[in-house]
Structure formats: C-alpha cells, structure tokens
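Read from first to last, the chains carry the letters A, B, C, D and E; within each, the first residue is number 1.
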Amino acid sequence: MSTYLVFALKRFLQFLAVVFTGVSASFFIAHLSPISPVETIIGRVSGQSAFSPEAVESLRQTLTELFGLNVPLHEQYFNFLRRFLVGDLGPSLLAFPTPAMKLVGLALPWTVGLLTLSTILTWLVGNILGGLAGYYQNSRLLKAFGIVAIGVQPIPYYIVAFLMVIIFGFLWPVLPVSGGFAMNVRPSWSPEFVGSILLHGILPAASLVIVGLGTWFLGMRALVSNIVTEDYVTYAELAGVRRERIVSSYVIRNAMVPQLTALAMSLGGIFSGTIITEQVFSYPGLGTLLVRAVNAGDSAVVLAVSCVAVIAVATAILLIDLIHPLLDPRIRVE
Amino acid sequence: MFSVFRDLIRYNMEFAVGVVLVGAIVLFSLLSFISPVDPTAIYTTIPDMPPSAEYWFGTNSRGQDLFWHLTFAFRNTLFFGLSVALLSRVISIAVGLAAGYLGGWTDRVLMFVNDIFVALPTFPILVLFYFVLRSDLDMFKLALIMACFGWPYDARLIRSVALGLKHREFTRHAVFAGMSPVKIMFEEHLPYVMPIVFATAMANMIWSIGLEVTLAVLGFTNINIPTVGTALYWANNHSAMVVGVWWWIVIPVVLIVLTFLGLFLLAVSMNEYIDPRSRLRRMGA
Amino acid sequence: MSVTTDILTVDRLRAYYQMNYFGIEREVRAVEDVTMRVKANEVYGIAGESSSGKTSLIKVLAAAIRPPLRVLEGSVTYRFNGNPLDITRAAEEEIEAVRWRHLSYIMQGSMSVLNPVRRIGRIFEDFAFRPMGLKRDAFRAAVEAHLARLHLEPGVMNSYPHELSGGMRQRVTIALATVCRPEFIIADEPTTALDVVVQKDVLAMIREVQQALGSSVVFVTHDMAVHASIADRLAIVYAGRIVEEAPTRTIFTAARHPYTRHLVASLPRIGDTSPKPSLEGRPPSLAEPPPGCRFHPRCPIAIERCRKEVPILEEWPGEHRVACFRAHEAIPAGEILHLKRGSLQ
Amino acid sequence: MTRPPLLDLRDVTKTFSMGGMLSRRHVGAVNGVSFALSAEKPEIFTIIGESGSGKTTLARMILGNEVPTSGEVLFEGENIAERRGAARLAFMARVQPIFQNPFEAFNPLKRVDRYLASTARRFLGARSRAETETPMDEALRKVGLSLKEVSGRFPHELSGGQLQRVAVARALISKPRVIVADEPVSMVDASLRMAIVNLFRRLRDELGVTIIYITHDLATAYYISDRLIIMQKGYVVEMGPARPILDAPRHPYSQLLKRSVLSFDESGAGQIKPSGRDEVDLTAESLIAGRLEPAEDGRFVRLSKPILEPRQTAGAL
Amino acid sequence: RGQEEAAAPPLNEFPREETLIINNPEPPAINPGMFNMWVAGNGAAWSNGLHQLVLDTLWFIDPDAGLDGALYNQLAKERWQYNEDFTEMTVRLREGILWSDGEEFTADDVVFTVETQMKTPGMVWSAPFSQYVESVKAVDDHTVHFTLKQPNSRFHSIFSVRWNGAWIMPEHIFSKVEDVTAYDFNPPVGLGPYTLHSYDPNGYWYIWQKREDWDKTALAEWGEPGPKYVIYRSIPSTDTRLIEMVNGNLDMIHDLTPEGMFSLVKQSPTSRGWFPGFPFAHPDPTLPMVIFNHQNEKFQDKRVRWALALMLDARAISMASYRGAATLSAIAVPPTGTHPKDYHAPLQDWLVNYELDTGKQKIKPYDPTIGLQIADMVRPQFGDQVPTDEEAIRTAFGYGWWKQDIQAATELLESAGFTKQGNQWMMPNGEPFAFKLTTFSEGVINRMGTMIAQQWSQQGIQVTAEADPEIYRSTLPLGTYEAATAWSVETWGGDPDLSFFLDSWHSQYVAEPGKRQPHRNWQRWKNPNLDKIIEEVRKTEFTDPRNLELGHEFVKLMVDEMPVIPVMSFNVFSAYDTRYWTGFPTAEERPYANIVTNWANSKYILTQLKPTKQ
C-alpha cells in the first residue's frame, strides 16, 4: 500500500477517536447541566395559567418518562451511543418529539452560509492586504491600515455589531438590521429572495469581516515580513522578476500553507454559530438555537450542535492534515 | 536589568509608548484599591451624568461613578486576561515543546488531546460551568476554564517550531552536553518560541476578554463582578447605546483598545530584546 | 582591437552597513576603498576568509544594494555593448534593463534561492521568459537545451527544488543565471558544501559555459583550491580591502602579501605531510577595524608603520597589485609562517 | 588479546524508509560496515565518501543516536544501542561528538559556556562553582582558549574557529576516549581549517583520544589520518591505512574521488575538466557485486573484478 | 401555495395601512412549523399570534377593565353554571361559530378537547383534566356537561384565559390524526378571526390574515378587527425593537428597558406607553416582592421580617429598579387592573391606621404619600410628563408604602433577640445576621434585588445579591435560597378573585425541606388562618362578592405576618405607535385591554383599531 494511504488511514483512525471522545465529552457536558428541560416546559405551560399543584406533579412525571430522563446517566449514555452510530441524535426536548437534528438542519444553512462567506471574504481580504503590507513595508496606506487593524482587534465584537445596527439601522437607516430575509418574499430561488438574503446578510457579514480582518491581516503581515527576507525572494527581485509575480507566487504562495491551515480550522469552527451576531441582527442560525437550548436544558439540541461542531472541526483538522502534503511539496509523510 | 529597561525606554519609541500606555492602564486599575466607592453599590450618585470635572468618566444609569467603577472592571479584566494568557501559555508551551521535541507516542497522545480540545465547542462548556458554579464563578475560575481552551492552536504552532529545532545541531550538542530533555526544551528551545508566545499571548488575551464580554453580554457570567464585560452587560441592559449614554460604552472600549495597543507595542519591542541576534543586527557587531 | 577591454570598472568603492537603531549609529565597513577591473572573457576570483566582506562587495557589484548596506563613495561601471552604466547612480529601470540579459548573479547559499513551492520550470519562466523574449515553445526548448549542457535532464523542469540533490540544485541555479547568455556573471560561493566530485563537475561546467558564452565571471569563494582551478585572476580580500591581486598563478607561486602567502602555505595537499601552520588570532571586527593595515594584529612581520598607515594597493609588474609596506623585502617563508605560531604548536 | 576493542562495528546496516508522498522507498544508508578501533593505540580514523554515502548515519550509530537495522556497534565490548539511563550517560562521557557547523552547534540565544558547565556537572558530577569551572578552564586551555575569554559570551561574539575550539573543549571535559567529528571543517574557511585539524592531531598525540574524522576533504584526511574508510552508497569500498590508499586508491570510486580533488598545479590555467564520474560504474549493483577483500599493505578493497594495478595519477599532488 | 405565487411574490403585499406589526417577545420559534400547542414542550410558539388570533376558548378575563367588564363570554354564550356542591358544570356555547376551514364549532369539539387530553398524557391540559374531570358529554350541539371527580368551584378557570388557557381543539381535524402528540397542525385551523398567511422558516416572524368570514367568530361580538394583516415579529434585542418602531416597522412593542422607553417617547412623537406620561409602563398583575424562605430559621420570627421591611426605602427601590416608574404596593395584591378599586383604595384607611408594636413603642408604619414623593422626585427630569393630579399619581405610582423607619426596625430586631455590634447585626445565636438575596439575572427585578440587598447591608445586615438565571426553574421550587426577589402572587387582574395563586398556598402543598415545592408558594409559608381562608374560597362561587371579603382578610393577614414583602407591580414597558393605527387602550381614558402583546387577551385591541390612512 502506498505510504500516503497508510498515513491517511492512520489519520482517519485518529479522526474517529477524536470524534468519539469529543462526542462523548459533549454528551456529558450537555447532560451535566443543572437545567431541567422538564421544568422549563412546566414553567411554560403552567406558569401563566391556573394549574393545580397536583396537575403540575403529574405533568412532571409524564415528561420525565417521555424524555427518558428517569434512567441513570450511564444508561442514557449507552443509549445515546447506540443511536449516534446510526446517525440519530434523538428528539429535541424543547420541541419534543421533533428530531434535534431537524432543528439543527433548519438553522445550519444560515449559519454556514453567513459564516463561510464572511470567513472566506475576511480571509481573502485580510491576507491580500496583509501580504501587501508585509511586502511593501513603506506604504503609508498599508501602515495606517495596520494601526487601524491593531486598534479594531480588541474592540468587543458585540460593540462593533451593535454600532453597525445603530449606524445603518438608526442614524442612517439604509440596511435591514434584523432577520434573514424580507417578510414579503417567499423562500425560493427567485432573484428577489436571493437578493433579500444578500441584503440582509450585509450588516452581519460586514461586522464579522471588520472584526476578523485584523487577525488575518496582522498574521499575514508577520508571515510575509519573514518571507521577504528569504533568499529566494531577494533572488527573484534581483533577477528582475515582475513584482506581481513575486508577491503572488513567491511571497504569498509561501505564506499560504499556515494561513490555509488556519482557514480550515476557522471554517471548522463555524459550526458552533455566532451567538452575538445572531442576537444583535436577529439573524437565524445555530448560535441562537444553542443559547436557547442551553438556557432551556435541551440537552439533545445542545448535544446535536456540539456533535456537529466536533465532527466539523475534526473533519477540518483531518482535511488539513490530508491535504497538507499536497499544499507544501516539502512535507514528507512520516 | 534596569539599564536595559532605561535604554529601551530611551531609544525605543515603541517600547516607551507601550510602557506608558500599559503603565497608565495598570495604574488606573490599581486605583481600585484606594477607591472610595463600593463597585457593587448602585445609586450612589446621580445617574447618567456625562463626563465632567466632578465625574471624569461620567456616571452610568445605575448611579455609579464610572471612573471608580472602571478601575475595578479593568483590574478584574486585566487579571482575567493575563491569567488566561499565562495559564494557556504554560500549557501550550509545555505541550508544544514536549510534543515537538520528544515526538513518538508522546507527540501522538498530546496531539490527540489537542485535537479534542480544538474540536470541543467552548460555549456550551463555559455556560455549563456558569450554571453549575454560578456566583462561585469568580474571575480566576473562569480564567482557569478558559485557559483549558486557549492553548491547543498555539501548542500546534509551538510544536511545529520545536519540530524544526529538534534537528538543529545545537540540540544534539546539548544532548551530548548532558542536558536533560526538560532542560533542552525549556532552556534551549523556549527562547526560540518566545516571539510566538508573545504574539499568541496577545491574541489569546483578546480572545479571552472578547469571550468574557460575549458571555457577560448574554448574562452567562457572574454579573456582580465588575469587568469590562459586565460593564457592557449593564450598559446594554440600560439601552445605553440608544439612550445616548455613550460614555458608558465608549470609555471602556477606548481603554481596552489603548491597553492592547500598549501590549502590542511592548510585544514588538520585547521580541527584539529577547533575540540577541536582532540586537546584534541593530548594533551591527 | 584590444582583447583586454574592461567590462567592469570598480573605482575607490566604499560600501558600509549603516545602522541607526536605539539612537546609536553603527557602521560595518564591509567594503573599503576597492578598485578593480574585470576584463571580458575572464574569470575573476575573489578570495578571503569568512566575513571579510566578499559578499558585501559582490552585492554592490550585482546592484543588490539593500539597506543597511550603502555605497558611500566610488563607482561601479559596467560597459555592456559599449555603453557605460554606473550602477551606483543609475536609475532602477536602467539596472532592471540589464539584469539577467547582461548581468546575472548566483547568490550565496544557492541551496535556498529557489522558491520551495514552485516547480523549476516555472522558476525559469519567471526569471528568463521576459529577458529572452522567445515564444513559449521555443523558450522551453532553449531552456532544455541549456539544462542539457549542464547535464540536467529535461525532467527537472517538473521537479520541486527539494526533490533535487544539492548538486542538482546548484546546477539549476547556474543554469538559471546563464540561460540568458549574459556577458557578466557574478557567482558567490556556488560550490561550497558540495562533495568533491560534484564540485569538480560544477566548476567544469561554469568554466565551460563561460568560455562558450565568452562571458566574464566574478567568482567568490574562500576555497583556494577552487580558485586555483577556475580563476584567471585572483583578488585576496582581507577585512574589506583587497590586499593583493594578481593572475592566479602568481598568487599561488609568487604572492607578496604575508596574508596571501600564509593562505597558500597552509593549504594541505595529498602527498604532502609537512606540518601546516594555521593563522592565529581573530578576524578583525569590521565595525571597529584596527587602524593602519587591517592585517597587522595577526601579521608576523608587522612593523610600526603598519599600525598607523594604511598601505595602498601598489602596482607590480605582471598585472600584480599588493598592499603591503614590506612587499619589497625578501622575507623568507619560514618567518612568515612560523614566527607567530598558534598556541597549539 | 583479552581487552575488547574500543569500538567494534560488526556488519552494521541501517535502512531508512523514506516516505515520499505517494510511494515508499527503502534507502540503505549504511550497508554492512565492519571495522574496529583499538583500545591500545589512539588514532585518527577518517571516513570519506560522497554526499549521502552514509557517513553521518554511521556517526550517529556510533554515538548511539540511531539504532542499527542489523549488526551491532560495541563500545568496549558492550552494545551501544542497549545502553539506557546511567549506562547511556557513562557512554556519552566516553564518546563525544563535534558538529559540522560551529555556528549551528551553539544555540545563538544562549551563552556558550553553559554547554561546558552542563557537561562538567552531568559527567563529572561537579556541584560547586569551582568544581565546574576548573575542568572547564582546563579543557579550554587544551585548545588554546581560557574560561576568561569564553565565559559570558554569545556565539556571535566568537569567531568560527574559536567556536569550533570551544566545541572541542566541551567534548574534552568528560575525558572521552573517542571523539566523533562529523565534517568539522567543511563550513570553516581555509585559514581556520588548519587550526582545527592541527588540534585533532594534538588531541590524539597528547591526550590519547581516538578521533573519528568524517570529511570529504581528501587533503586534510591525508594530512592527519592514520586509517580511513571510503564509503559510497552506504558501502565501504576501500579501507585501510590512510596515506597508501590516498596515494594509490584501488577502487574505481576512490580513484574518482582522488581525481576530483582540485589541483593547485595548474592554477590559473583554467583547464578544469569534469570529474569523469560517468565513466565510473557507481550503481549499487556494482557495489553489491563486489566483496570487501584484503589487498596489499593491509587495505581492503571492494571489487568485483580482479584487483587492478593502481592507476597512475598525474604527479605528486 | 401555488408555485407561481411563490416564484413572483408581490413586493407590496402588505400595505402598511392594512398591516399591524406586533413585537413577539419570545425568542424566534425553535420549531417554526409547529402549531399544535396542545402538546407540552413540542416547541410550538404561542405568542406569535397563534393564541392571540387563531385559537379560542370559553371565557376570557382581562387583566384590565375590559371592553364591557373584564369577564368575556367568548365561545361560551354565558357564564359557567355549577351545581350546588360544585361537582358539575354546564356550559352553553355560542351558535353559528365556524372554524376557519368552514366547519361548524359544536359541543363535540369541547368534549373532544377534554377527552383527548385526558387519554393522552403529556398534553398541556392532560393533568388538570384527568385530575378534575369524571366525565364530559355534549348534552346537545351547543351544551356541554362536565361531571367532576370532587367539588371544584374554580374548574371553569381552566377555560378562562388570563394569559392563556385550555384552547378548544378542532375535532374534525384531530380525530383524523393518528398520533395527536406528533401532529404539527400546520396550517392551523382555528376559531379566531385570523388565519396563517405565511411564516419565517426560521421562526422570526408570522403573518396572519383576516378571515373573510371573521364575523363567524366569537370575537365579532366586539367588532371587526381592523388590520387585514397582523405580523408578529420576534426581536430579541430590545434596542432593535426601539429602532424598528422609530423607523415605522413596528406598531406594538412588548417590552423595553425603562431607559429605552423614555428615549422612545422622546424620539418618536407618535409612540407612547400605557400611561400617557411617566411612568409609561403597564403594570402586570404580578407582584415583585421579597420572598423569605420560611424553612430557613433566620426568617421564622415575624418581627425580623417586619424589621427588614421597615429598613427599606421604597423611593430608592423605585428609582433603582424603574427609574421611579414603579407602581408600589404595600399589600399582597398587585396594584393593577381592577385591584386598586377592589383592594388598595378600600384598604387605604386600614393601612394608614395600622399599628405595629415594636416591643418598645407602637408605630403607624404606613406612609400614603410615598407615591407623591416619587412623583416629585422624577418631576425635575420628566417635567409635565409626570401627572400632578393626586388620583392619577396613585394609579401610576401606587397608593403608598411602608415608611423607612430604622428606629422601629432596630427595636423590632432587638426584641427578637438580635444585637448590634458595631455596624453589624448579630442573630440571637451569636452569629452575624447575613444572607444571600437571590434575584433575577437581568432587568428591573435584578435592579430591585441589588438595591434591596444594598439597603439592608447599609443597615448592618450582610446581604449579597446573587443573580440567578435558574431562579424560577430550580432555586425557588427547590427552596435552595434564603431570600429572593421574585413573585409568588399573580392574579386575574380584572377580577378580585385571588384563587389564581392562592389555592396553591395551602399548607397541604408545602413540601419538606429539600423537596420540590409545587408552583407559587415559594416561601413555603404555612399558616392556619391562611388555610381557613383558602378553604372558604374553595367553597365560594367565583362571582360571589364574598370572595372580595376573603381577599381583604388575606391582605390583612399578610400585613400582620409579613411572610413576604410586597414591593410593586411588574411594570412592562410596552409601547405602541399611532402612526398607522389608532384606538389602542390607554390607562387614562380607555383601559379596556392589556397592551402587553404576548397575552392572548390582546386580541380585543384589534377590534378597536382604525387605520390613520397615512
């Protein structure tokens, strides 16, 4: 068998182990929460009506049995593992008996869409600017951008997002500040709907881009300012190779490997959603679902989101490791 | 040591500005120890006063003097950020260097653990701790928990550097000079990763403070502890943005930005200091 | 017409590394008062110990002057197609125009001058496609033909640098620098750290290419054996100054400068078992070079004058120039080699 | 003789599997190498060979950094690979390396004397300052330096020659029997080269240290070594007393090597010729075909064809 | 829905003058396509318009005055009829009511609703129905007869909407469904005047459209609902709600922060709250209070509880929690709806003359001017937004509260065996008097708790406020607290009957320490007199005036014992905008309905709305 296949197989086994451990950890995290979904539901149905204490007690018992919470934790764990193997994460406790994965599936496209887009955009712009700033170290404009990037970086994301709402929704109301699309268009592939989605995505995406840009920019700038001192760059310059070619194929191309790795990691990370973005922009997505599930003690949904995140990140790591040798011809598989 | 410090201040603008900024913020947060007001007391002054000679940073809608309130907030936030950065640096250095230098099974096991920590979703875990510990969740415990999630990526980075160092001749030389692996890792290799450590420490602080703010804004931290996060939480809770009490938000944010600018400048100049080769380059010996 | 047209004239060149950090100004006087000429169709060797300023000089010659290196004085004039071009003063575009077409440079450490993530073929395109001005197919054919001359198979075009052995990479670098058939090639230690067999092949090839193209080559190395086999003329550099310059044969048989004589005498040869001396003392710091003759602290025959005055490069018969106050005296080899013996012997 | 040899290599082989991206190759870095160094008489034992011929790998096996795939390396009769813990430490005290690049051998971020101090503490069990510094100074004096000159200095504050001497001094602290020097002069310029080579000679003569000197510089090998082996593709192709072999090599590769040494005789003539490696069959098959067989003057040569008359090489080099 | 329609949606589909946009305070629906709200915990959203506009049940009791009294006969033609000993109840239903799919509403639907839930555990009303109902049958098409398992004078309250109630299921739909609990009821078929138009697949908004046959619903009796479309939007961020209203994209806001409300009325001339001026907010029929854990020995002595009450300065609490916009109540009945008329006003004299023996002296702790004082305090900031008329101030700021009286508190504590060392009160057992005050993790109740803790601390009792997001789910039920700020009193609001919360206060339900306490009696207080009151309420018909007398007895008992310290009503900063619609209820002129948008009762507002034709 070829070395690469052996390596890939080993790597895949590690992936399985990571997923198993991560998912198991997620199970206990989700189930150790002191919040009881049963109480959440009781609070909801009885809190605002005249419910007798006896009725409440009876409802409590029914729900506890229904949710399978009356068996010991380890039994719940083994039940979970059995179901997990066939891809079933069980019913949501907040929306019983709707499968938790169905709820996740509803929110997922929004989160993934928004985050993939903004992450890739941020990554591209940040890296290009950072690459240029690292190469043209005397450019005033890029220097100024660097200072801005350093300044913006520590501003809490919440503030940035909210400022966008205030500026573009209030002081100068030109963009929609809430929702995923307008109410008068219906989901379809019509240009109106797609346009509406894009329009509603502008502010959330912009806030993410603004906050994320600095990190990529600074990282890339640091990488590139190391690479420009490499002999092969100097040599290409001395040989009169075109500047654009040097920047692209010599400088940025060499900085790409670590940056691609980081990109894959952050793309893996998007499956946990962006809680603040969703809160501030009333944007649909996993973050809101997660916060609500956590708040309501819906361990099934917390677990489903966690599992998706664990698998996504583990897959991202796996993919990075698998394609790393392809990206960097120097890498040898050991 | 002192003379180095003096020279740095005198000749290195970046260092000087960094020291001034960070020093000012640290001093500011130290003022909390002589604060005349109790940071948890509310309605001790007239609320919503803009910054003035009497109230330098104004007062918030909870009737607190923001200047004194923020001294506590910054003390706690800085302590928190530094603790997370420090603790997670310790873990990432130990793991990164050990995995890189020792290799083999150690490497495999450590990277496996690393992958798991990367993969685990942080948010539900932090919230879980909040629900379990609630008001026992002080800044140190929170720092401890976050430190557990702040190390993996940086450990990978350090490991990749350590992997390269492992095959350098001076490492082999050190082995035959009888140095133990621990000594080699922490005395020979550590200085090489220090620039990474500094750079990632900054990023880590930004991350941890940002996460603290996120948790606080969502109400998942102990909101009785004054921090930058809880300051923003309360500001949000009183609609400070739309009501026009801008100083409640702008001032802490400006201070945070200044802190990190200062830290950034310090990190840049410290990296140069640590590396005698770059000192050499500068002196031109 | 004269066979000995000078293609390069360096006149009273001074180039320092000037640094100003921490408010402290420091200078490294890497190239001090260098005057030299390189004729068409010759290999001009530059020898000298480590950090004597060989690379610094070469950087100036190759118009690779980057801060903190600065030219303070003097000129470096090329004469391509009869047009003089002083690269210390010329505009960047003018220099750009001669690069690779007329003037190419093999950098020190040629192991690391190839972009690790780019295939060799692409590197050739980057470097030579524009200067050569050929159609793509013709270009490829030309490159392959040139590689063949250097005993490289066309297959290397599809390889990444790391896939090639050190010797192959070295040859690729040489091919890269010579593919445009430049009149002037500057080579900085192109064979260091190659094994002897490969080294010999590479040197033979450089010589062959040089002769085929009729180019001039400035060749830098501290390995005297290499100079012996390839250089027509040789300059010995010590602490930023040329201390002796002569046809190679003269350097090896009739050197006048004590440093050169020491250098030549210390070369071990197969079959020769006589004890070889080693030069003691530290190479001088170019930041604070000793006053007078820079060699005097290590010179076994130094006199009072050497400590104070800087000897100038005097013309001797037979294209020979020496900078030593005692060059006229007939000093026996033994005195030079054994007077100041190292602490070992 | 009851006393085992100082160092005894018995049919040592090392195979690496190189993972290319899509294929796996096995590289025989060292193939069936055997030789022994006498415990009685210190010598300079040279290993010569082309790049990649397994010299470094061999050195690493002698140092115990690499475990042979087959065969064994015995130091004073004991297998090096089996030494662990204290035994390994004791071994390291007796067999010390010197590295190729003096600038690389010291951590540029650390002072050089810490290597000396560490050696003194670990191998001599020195505790106090005086206990550490006395052997350090002694060792440095043996190489013409002193602790005063060296202590507190960073590598970039010392010249390459000084650094290499510090490295030798460091190796001497534990009073080793063997020093393994892997290309100790290849990165050093001509004027420093002899200083180090001369130092080796003195170590052998005055301190009785056996030196394994790895190089591809035939001239210095000729200058100092007592015995040598010539390696090619992991095989020893010629082995025996140094000067006779270098004067008249027998194996085609040895001859090629010698032919490739640049001559000073025609200096300035610009008449350099290719090495002629194409004319020599350097394939592994041709090497496996031959066996290392004893020849006159105590040398061994690997030849598949009957031993040839030494080819006459041009003049005295 | 047809493909063509989906492909080309009319962009001006919801003309602003025909559309009412309401803020749904709930977070976006977690299970947006789920409308079967009879199943407990299936994630169906309620406040998205479903229970306001689509579902219906027998009676409604408004927390405010109501269009014609607070008690509405909705699907029922008239009030409930019990037999002598409350073991049977008969209901006569309206005729001519149609389900939104055209099917007629009959007694079978009611019977089906009850029977289905009785035999299907896990539905919202399964437990109460099973507990109370022996049998139910349709006497004829429009009469339903219930036979109860035991006497129950409040059985009808299950079908009486205060916030929400037992909605009637469409029998013709559900009887065809195999598994009622798994059915999504999408699109919902209801008895209300609106049907589902469309909804956000992410649960942020729901759009409802007026039925053509709206006049075939029970609501028609109160008039035609104004808006053709009603949109319920979930906007989690209160600041965004404000922005959307200022931008004209929202007509009714459920709740803002006090500061947000002040800012809104300043910025948008067409926006207003329940009160035309300060304090703007609508008082909910709930009563934020200090709850003592009566199973904690620190609070066994009523002198201690009274001392703690007298240490408080209600003005500071009002300022801290509501910036002065609180409606205070010294008694255990919220000062909302019809309660001021029934309780606060009649009992004012009794309170003014109420005497408390501190052990050293007798004092009259009640201060009827507290509300006036607060009005004076906020007047500099809000000017003529603050009412000047004493009666108006009473309604807005409350009838009065206990005067802060440190001297009396000191005497009470001393007589209870407490001693003061320095500035620290010590308990009789010699330990410092210290406890934790559990409070909400945000909002005005959190502010109130923080302030109360601070006031006690200033008086030498170490009280720390602990924000607790789990206060209602676990802390209060499990009794794992010492004292808390929350509420255990909730009333109908529009009716003096207190059974809504009071029945659960009976000592029969008080749990052992460590066990879970059933709803509402979080303080775990047992009192024989209280039990007597409750038992009599159980035997008294809902509309019987005797109820009010019993209520007064309860209030007096609560003042004597001070088992909890009532503070104020829970004020909700609901706002509405009159740019596009008029006719909203107001506190001063037409307090006909609760404007808090998630209450099912808010549907009556729609019948009063008229477009402004902008």
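We adopt the following convention: a residue touches a chain if its C-beta (ideal position, glycine included) is under 8 Å from a C-beta of that chain, and two chains touch if they have at least 3 such contacts.
Bear in mind the structure is a predicted one, so any value in this text is a computation, not a measurement.
Comparing the chain pairs A-E and B-D, the larger number of C-beta pairs in contact belongs to A-E.
Put simply, the chain farthest from chain D by mean CA position is E.
Ranked by distance of CA centroids from chain C, the top chain is E. Put simply, the C-alpha centre of chain A and that of chain E have 39 angstrom between them. With centres set at the average Cα position, the gap from chain B to chain D is 50 Å.
Mean C-alpha positions place chain A and chain B at a centre distance of 23 Å.
Centroids of chain A and chain C (each the mean of its C-alpha atoms) stand 56 Å apart.
In chain E, the residues that touch at least two other chains are 239, 243, 469-470. Shown for chain B are the residues that touch two or more other chains, namely 131, 236, 241-242, 285. Only residues 1, 5-14, 27-28, 30-32, 34, 39-43, 121-122, 124, 126-128, 130-131, 154, 157-158, 160, 162-165, 181-182, 198, 200-205, 207, 231, 233-237, 239-240, 243-244, 246-247, 469-470, 472-474, 477, 499-500, 503-504, 509, 518-519 of chain E touch chain A when the two sit together in their complex. By the touch criterion given at the top, residues 14, 17-19, 21-22, 25-26, 29-30, 32-35, 150-151, 153-159, 162, 166, 170, 215, 222, 265, 268, 272, 275-276, 279, 290-291, 294, 302, 305-306, 309-310, 313-314, 317 of chain A touch chain B in their complex. Against chain A, the residues of chain C that register as touching in their complex are 62-64, 66, 96, 99-100, 104-105, 107, 109, 112-118, 122, 126-127, 130-131, 160, 162-163, 176. Contact residues of chain B toward chain E in the complex are 40-43, 47, 61-63, 131, 134-135, 219, 222-224, 236-245.
Residues of chain B touching chain D in their complex: 168-170, 172-179, 183, 187-188, 191-192, 274-277, 280, 285.
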